[in-house]
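Take a look at the structures below.
Same chain, two partners: subunit A is paired with subunit B first, then with subunit C.
Then we have the complex of A and B:
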């Protein structure tokens, strides 16, 4: 076992909390980026040039990541709301986490295909 | 040709001697600038507890090792520590169940005094802040205060707390935010908020409705996993949240 800093071995609830924080922060950063790129609308030329960047494969993959962050944050947020308001849910909290995480992954794969597809079809 | 073999579990498996490797986070405030790891090897019975292992290290290898223990039977709540990455009581976990390669650290979120001994005063100050005692100002008239078995059952789970601090010191919010009262204080508030004989529930709910109260809980469930008494800590916190939300205003 490592002798440096050790990680507290919490169960799924701890990792749901950590992932919720990280995805929330990433979505916030994207929001800042989004405000910046939309604010260039004063100059349509700059706006178009910047938005063409979003067509390249790296930024499309970044958007797939963003989609996962949004989906996980939203779905885990629903999980937390359910735990807060429905007393029965707390018994199945781990199952609800697994369901929400799986749903986020499945929806990311489906949505990710639509985000990446135009790049391969050359239609961006 | 096959021979039927019956899996033979030795009745003496628990008193079998095993090699135990301990890695303990040490800190002596008089010489150390920061904590460091020390390793110890010893032979113990697999029926020995982690606390037995620490006592053996202190008694036979390194007398400078410091840790708290009192009853050694999971009731006094003195020896909460982080064993292999999770908060547990040293005295109720056997080598046979936690393994022979052990990494032991003091609990997180409270200042370390020496080795595994942490300063519990912030923890007890938080405990006192929620008025953890019966407040009933009416005169029962020299009789006991009647309570039905159903009313008693309402808060049964939270009466089991031994104030070891394993829950509060497993909480990521508690590590980061020293102002949060922590799961243990909320559990002990819950014990009186839902007690039919008590008359100060609204006072406690006011205290827990503050910035340092229940709303800091982010339902990471570490407290529930860590509680050596099996108290459903997160559930108790959620019940207090709902009491603040529904019972008043």
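Then we have the complex of A and C:
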């Protein structure tokens, strides 16, 4: 860092940046794991056992977390694209960030209910 | 290096980064749909414990779904891999460690690309 350089202290944009990195990193790590578990497809016994395991309540909660990470990363990504390709189109930076974050949370709660529900209803 | 270039010229490194930047936006928009549709089908429309080998067999009887999943694999790896490359550039400062971390990323990434592609192609 050169002399006289300042540290960027953003507001909502800084949080968006941090959350975008963390969620992207987590989704990518899951993708790596997921490619390995799907590769057992030609061994049906192993594949079915693993996917039975995904029905476990802990892994279901993990899937809800994955859903949130994916939703936030996807929605915030649209926000980044808007800022990059159409500069000035977003008048209220903080408002758009809050909207995307809220939408991700609301959709996670709705989707999360569907993910967790079969466990409680014993349908699995 | 940069000093040897006259105004208006760009180093190949800069060109690469510009393309990487553009690729992230384009692949991001495509993944927005591919990844969220995938998550919806596998965790909300169907329960994850029902996504057995016979479920995959019925789904992949349609080659378009195979193509859909393969594109999710390719774009997910490239988009996530490039994201992680950026993260490595930001946080791994020592040149040797940085090269080593990136080499590991590329080896694991290409390995999983092959594994995933073989899984899609050899499924019976």
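As a convention for this text, the second predicted complex is superposed on the first by the 112 of 124 C-alpha atoms of A that agree within 3 Å, B and C clash if a C-alpha of one lies under 4 Å from a C-alpha of the other, contacts with A are read in each partner's own complex, and residues count from 1 in each chain.
We adopt the following convention: a contact is a pair of C-beta atoms (placed from the backbone, for glycine too) under 8 Å apart; a residue touches a chain by one contact, two chains touch by 3 or more.
What you see is a predicted model, and the numbers here were worked out from it, not measured in a lab.
*Asks:* Where does A:93 make contact in the superposed view: on subunit B (first), on subunit C (second), on both, or on neither?
*Replies:* First partner only.
*Asks:* Figure out whether A:84 sits in contact with subunit B (first) or subunit C (second), or with both, or with neither.
*Replies:* both
*Asks:* By the touch definition at the top of the document, which applies to A:13: first (subunit B), second (subunit C), both, or neither?
*Replies:* The first partner, subunit B, only.
*Asks:* Spot which of subunit B and subunit C makes contact with more residues of subunit A, would you?
*Replies:* Counting residues of subunit A touched by each partner, the higher count goes to C.
*Asks:* Show which residues of subunit A both subunit B and subunit C reach, each in its own complex.
*Replies:* 80, 84-85
*Asks:* Contact residues on subunit B for subunit A in the complex?
*Replies:* By the definition above, subunit B touches subunit A via 23, 37, 82, 84-86, 101, 103, 105, 108, 170, 172, 218-222, 224-225, 232, 234-235, 238-239, 241-242.
*Asks:* Show which residues of subunit C lie in contact with subunit A when the two form their complex.
*Replies:* These residues of subunit C touch subunit A: 25, 28-29, 31-32, 35-36, 39-40, 43-44, 47-49, 51-53, 56, 73, 76-77, 80-81, 83-84, 87, 108, 112, 115-116, 118-119, 122-124.
*Asks:* Mind pulling up the subunit A residues that touch subunit B in the complex?
*Replies:* Result: residues 1, 3, 6-14, 16-18, 20, 80, 83-85, 87, 90, 93 of subunit A touch subunit B.
*Asks:* Could you list, by residue number, the parts of subunit A that touch subunit C in their complex?
*Replies:* Touch residues, subunit A against subunit C: 21, 24-25, 27-28, 31-32, 35-36, 38-39, 41-42, 44, 47-48, 51-52, 54-55, 60, 63, 66-67, 70-71, 74, 77-78, 80-81, 84-85, 111, 114-115, 118, 123-124.
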